[in-house]
Amino acid sequence: MLRAAIIGASGYTGGELSRILCNHPEIELTAATSRQYAGKALSEVFPNLLRKTDLLCENLSVDELSERADLFFAAVPHKTAMDLVPQLMQDGKKVVDLSADYRLRDVATYEEWYQKHSSPEFIAEATYGLPELYREQIKRARLVANPGCYPTSIILGLAPLLQQGIIDPSTIIVDSKSGATGAGRSASVGSLFCEVHDGFRAYKVGGTHRHLPEIEQELTVLQKSDVKISFTPHLLPISRGILSTTYANLNVNVSYESVHQIYTDTYQDEPFIRLLPKGSFPATQHVRGANFCDIGYAIDQRTNRIIIVSAIDNIVKGAAGQAVQNMNLMCGLSETCGLEGAPFFP
Amino acid sequence: MLRAAIIGASGYTGGELSRILCNHPEIELTAATSRQYAGKALSEVFPNLLRKTDLLCENLSVDELSERADLFFAAVPHKTAMDLVPQLMQDGKKVVDLSADYRLRDVATYEEWYQKHSSPEFIAEATYGLPELYREQIKRARLVANPGCYPTSIILGLAPLLQQGIIDPSTIIVDSKSGATGAGRSASVGSLFCEVHDGFRAYKVGGTHRHLPEIEQELTVLQKSDVKISFTPHLLPISRGILSTTYANLNVNVSYESVHQIYTDTYQDEPFIRLLPKGSFPATQHVRGANFCDIGYAIDQRTNRIIIVSAIDNIVKGAAGQAVQNMNLMCGLSETCGLEGAPFFP
Amino acid sequence: MLRAAIIGASGYTGGELSRILCNHPEIELTAATSRQYAGKALSEVFPNLLRKTDLLCENLSVDELSERADLFFAAVPHKTAMDLVPQLMQDGKKVVDLSADYRLRDVATYEEWYQKHSSPEFIAEATYGLPELYREQIKRARLVANPGCYPTSIILGLAPLLQQGIIDPSTIIVDSKSGATGAGRSASVGSLFCEVHDGFRAYKVGGTHRHLPEIEQELTVLQKSDVKISFTPHLLPISRGILSTTYANLNVNVSYESVHQIYTDTYQDEPFIRLLPKGSFPATQHVRGANFCDIGYAIDQRTNRIIIVSAIDNIVKGAAGQAVQNMNLMCGLSETCGLEGAPFFP
Amino acid sequence: MLRAAIIGASGYTGGELSRILCNHPEIELTAATSRQYAGKALSEVFPNLLRKTDLLCENLSVDELSERADLFFAAVPHKTAMDLVPQLMQDGKKVVDLSADYRLRDVATYEEWYQKHSSPEFIAEATYGLPELYREQIKRARLVANPGCYPTSIILGLAPLLQQGIIDPSTIIVDSKSGATGAGRSASVGSLFCEVHDGFRAYKVGGTHRHLPEIEQELTVLQKSDVKISFTPHLLPISRGILSTTYANLNVNVSYESVHQIYTDTYQDEPFIRLLPKGSFPATQHVRGANFCDIGYAIDQRTNRIIIVSAIDNIVKGAAGQAVQNMNLMCGLSETCGLEGAPFFP
């Protein structure tokens, strides 16, 4: 049994990692850290886990922590992560970092959007943990930078088109909508039930969300030239789910069928990508609780644009589920192990 | 006291018209028709209206109806409306038609998107009921075609920019999200609580929603040349509210401040347009229950695009409230009469 | 014009008071205090109020405040209220206190459930602000203790039965469910959207909620003998609304019709009580945003019990609306002034 | 591999059975019937199941159906079930009937609350499928009457107390709240999103819900004397979940600790009952998607009453999950097989 530990278990991502791992047949969950809830049962912090785990939340130093597991999930905010990861790496551990700290390959870009990086030497060692693009590298990686939730939904939707060069990258516009788990479990007025419920709003309008450089980095790799996009996030009154609606001008006159063939060729062996039939489009409630990314698309002949709609559960394929998928790959387990459950609907 | 009647009072738009009109100081609500609920109290169909109205729902012929009021709200589906309106017009009545039947000035376009038109001769007489654009014509009109909900939010957001010619109309992309009242009060599996709640989806992707020709008609008038846009509607798990996020490339290098000046110049005397301060963006929960259209905007320098976010309550400014605003104008009442209530939050 | 001020304007009750008062024709809202948001526009704290009020939130001493208005709404937590009210009273002002500080007539009971009382001498001067029971006293009062939200829904449901002595008070069980505005606008993990949404829970089970002594105080007055009840509050995933389901054994064999007559006799002239017809029961969504208390009842012959279901909007009839109703009475205005709007549904 | 079939796969219970069974390691799901959706893929009717099942919905006669599986889940409405079950039984099949048709042991009671029974001879053969009470009988049963959702939550909460005789059964009052999946997937105005969302209501007030005789039947068995209760169902604006708050007078002066001991003695080996620690109470969001029944309790010394709060996912432990638990028992599989997933929160 592989021993795994969660650093930062009391947030929504930590809770979801706990939910998935407590049923994972090849993993023993050996530690869960939380400064705020140290000493409390994890099942008190997340009462859904009662009877599923006996772990206590602990406040451990990296030294103490390091001995407790073979693989670590860093589910802490950026900045905190990069202060922990180097020592775990030096101790020979494997790490899936769910923060942003090792996602951006260019230190200057990281420091422009976040803050000074305390361990830039590990950036080169990190693999961007999107298995659909980097599966072989992930298998060999010791440090995986788990992608952001918005980037996962957007990159998976655009990758086949960019790889085939059939859209004009300068026309890409992405309108994304996220559930409230994306805002985390910290107490803040803006995340209160009464502020979010029965409402909808845009935020970080005008290209100011920190996921933007991450998205553009990967789209640029796929397009093999510099890509700049418009990206607007919105807050949905749901707990789980991201749906991204992406628009791009077509370079060439292509039919729906040939686009469908491109997606099928790219994704037919992917265990967690579901392409919807013509005329069907994703809904967040159909991926709820599971690791799927659902993708649908239409061509608007009138404007010569393609519209791609992609949906994930933001704390599963957009965070904890993808992290477990990465762990499976890094540790030689079946890629889908522990992630086979069907989405919950309704 | 002006006598007003609602044709089709049992849908959500009819219910909202009833709610507004039962408190309107210059109106006597004299009839409410419903085939399905004939004989029932309107306050049984809408229990929120108990003690606010004693009207019974009736199933009346147009002849019977015509005598009962001076102004009629047609809150019935398209097709049904155009079978009723001509006789009311011939009887010398005023009509605010909330269906799509008289919105499109080109009969051929109407017939392409809907069905054969049974009274095309009245199309020319109809005024498009967006007071911010057609106030003077509405004051003189006998037949007002009340705008669709999506079009209201989109046209109001784009009008100042198109009038000033500062955006490239071929680059307009509109990503709209609507609450579930937009789907009406008919029983259908897709509108059940469990299908909509805690979820989010796109529909009519690829330029197939019937509001598209209406939107393009008005944008074309504003731009003074043919405008074609991309438009994707989505279904939000909320009852009331539309939020439209609109993207367009700027023709010229303009600052936020000059854009703000353009909006201010256009809308400063409008009673129902609220321009948000820099860095603030609309939320549907802040217009809930009221006739406002809130608008915010940002310029993304990186891509030279402007992003406009506009929000309305889809059954108030997007339907019943705007219809009352039109009635006020048509009947010489104060434009805001009966519409002064502040939005409800939370 | 009466000058009114809100002390503690940034909570949900303060926001609702602002919404109601900014449309009240006989009131000028002259001050809104908030320590946290001092200097900010009230319409920034509550963006729904944009264009409806130009007030700034201020942090004022009681001295400064006292000059600014004739009547004050204390919408601050208990303890804070009793530190402010005495001076306002000494300055000859009228006060509607929405906290619990002057609701309990017995100081010892107050101190058992809350904390030491700093101005017990004003308790005797305070009138319990339930107009349906204490209208004449409220008209003469200078200090009104606005009832709690749960108590309002429960006392109004039981009053006619207790006054007629037809139920056994020792068998009263009240199962109440409240929307999340009841938990206030302070940041706390338990009130986050993701904790409340799509869920339901009981809290303060076993007779430990602070509204219990308030409820029993008033039921005891009505019954004219000591009443002890069971009361369990629950948290609903809605913003506004309380629904209380109350059970009691009947002392006598009474028909539905005679019970209905008792309710009708008691409440027929009440502007804000709506008795539902036989077989109909209240729903929170039908009182949303308005000052009504809806009441329905059934007799279960099998068990000889009566079940009373009562619903209010907890921040209107359960807080801000009832406070305005009290103000209207205290100041000689029409009791319903500013409170005529119909509930909004859906 | 056991071959299992679902009769009536397109409702919410059928969909949840499909979700559970498509991941059940010992079962092959061989048929799914639906008159309405015959010919459609089950994953089109429930898009969450895409890639998890290839079954088509079929419209089969009982003859055709009978050959297709060894065990049948009847997830059709009452009346329809009793017209299908007898032939399956005669063909030597095992049946878990999720309708009400074989739950009531007294035919007269059934016919009073439902309609004439067409196969009363099978009632005696049916076992009431609450494993916590009837485990050994279920293991030997060929026909299991799967309990109703409300009864499951209520009976499990009361059983230990009735068995010990410590409460007065004539004082039992049950106030239950259910999510909207309980109303089924049929199109009806009352179940529309806009009617249910952001609201709360009671229904079937006064002892008229059809689950009442089922609840009383089982409580009477446990108490060993006739039990009559008050029961009020309510509709919650959530998809999944039932929470029942139950009140009863204590016969004797017992401490919380001795009550806790009674519950622990009764349920300590039960895989799907979770007793909450003192001061903690269930929440529907903590059992969402799983087969647990969570139970908490408090004693109100002031009134000498015990209050029991129990929560289940109404379509899992209240329907599909319990049906699979019964199947496991009937077929000699591990009782928890296919039901090990943790509840998902948030």
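Labels A, B, C and D are assigned to the chains in the order they are written; within every chain, residues are numbered from 1.
The criterion applied here is as follows: contacts are C-beta pairs under 8 Å (C-beta built on N, C-alpha and C of every residue); 3 or more make two chains touch, one makes a residue touch a chain.
Since we're looking at a predicted model, the values are computed, not measured.
**Student:** Once you count every C-beta pair in contact for both, which comes out on top, A-D or A-C?
**Tutor:** Per the contact counts, A-D leads.
**Student:** Just grab the chain with the largest centre-to-centre distance to chain A, centres being mean Cα coordinates.
**Tutor:** C
**Student:** Could you state the distance in Å from the CA-based centre of chain A to that of chain D?
**Tutor:** So the centre of chain A lies 36 Å away from the centre of chain D.
**Student:** What whole-number Å value describes the gap between the mean CA coordinates of chain A and chain B?
**Tutor:** Inter-chain centre distance comes to 38 Å.
**Student:** Using mean C-alpha positions as chain centres, tell me how far chain A is from chain C in Å, no decimals.
**Tutor:** 45
**Student:** List, in ascending order, every residue of chain D touching at least 2 other chains.
**Tutor:** In chain D, the residues touching two or more other chains are 12, 181, 194-195, 197-198, 237-240, 283, 285-286, 288, 346.
**Student:** Where on chain C is chain A touching in the complex?
**Tutor:** Interface residues on chain C, with respect to chain A: 12, 180-181, 185-189, 191-198, 237-239.
**Student:** For the complex, which residues does chain D have touching chain A?
**Tutor:** 12, 15, 19, 22-23, 46-52, 181, 197-198, 239-240, 274, 276, 280, 283, 285-290, 292, 294, 340-346
**Student:** Please output the residues of chain B touching chain A within their complex, sorted ascending.
**Tutor:** Listed in rising order, the residues of chain B that touch chain A are 170-171, 173, 175, 177, 194-195, 197-203, 205-207, 228-230, 232, 234, 236-241, 243, 245, 247, 281-286, 288, 296, 298-303, 305, 307, 309, 346.
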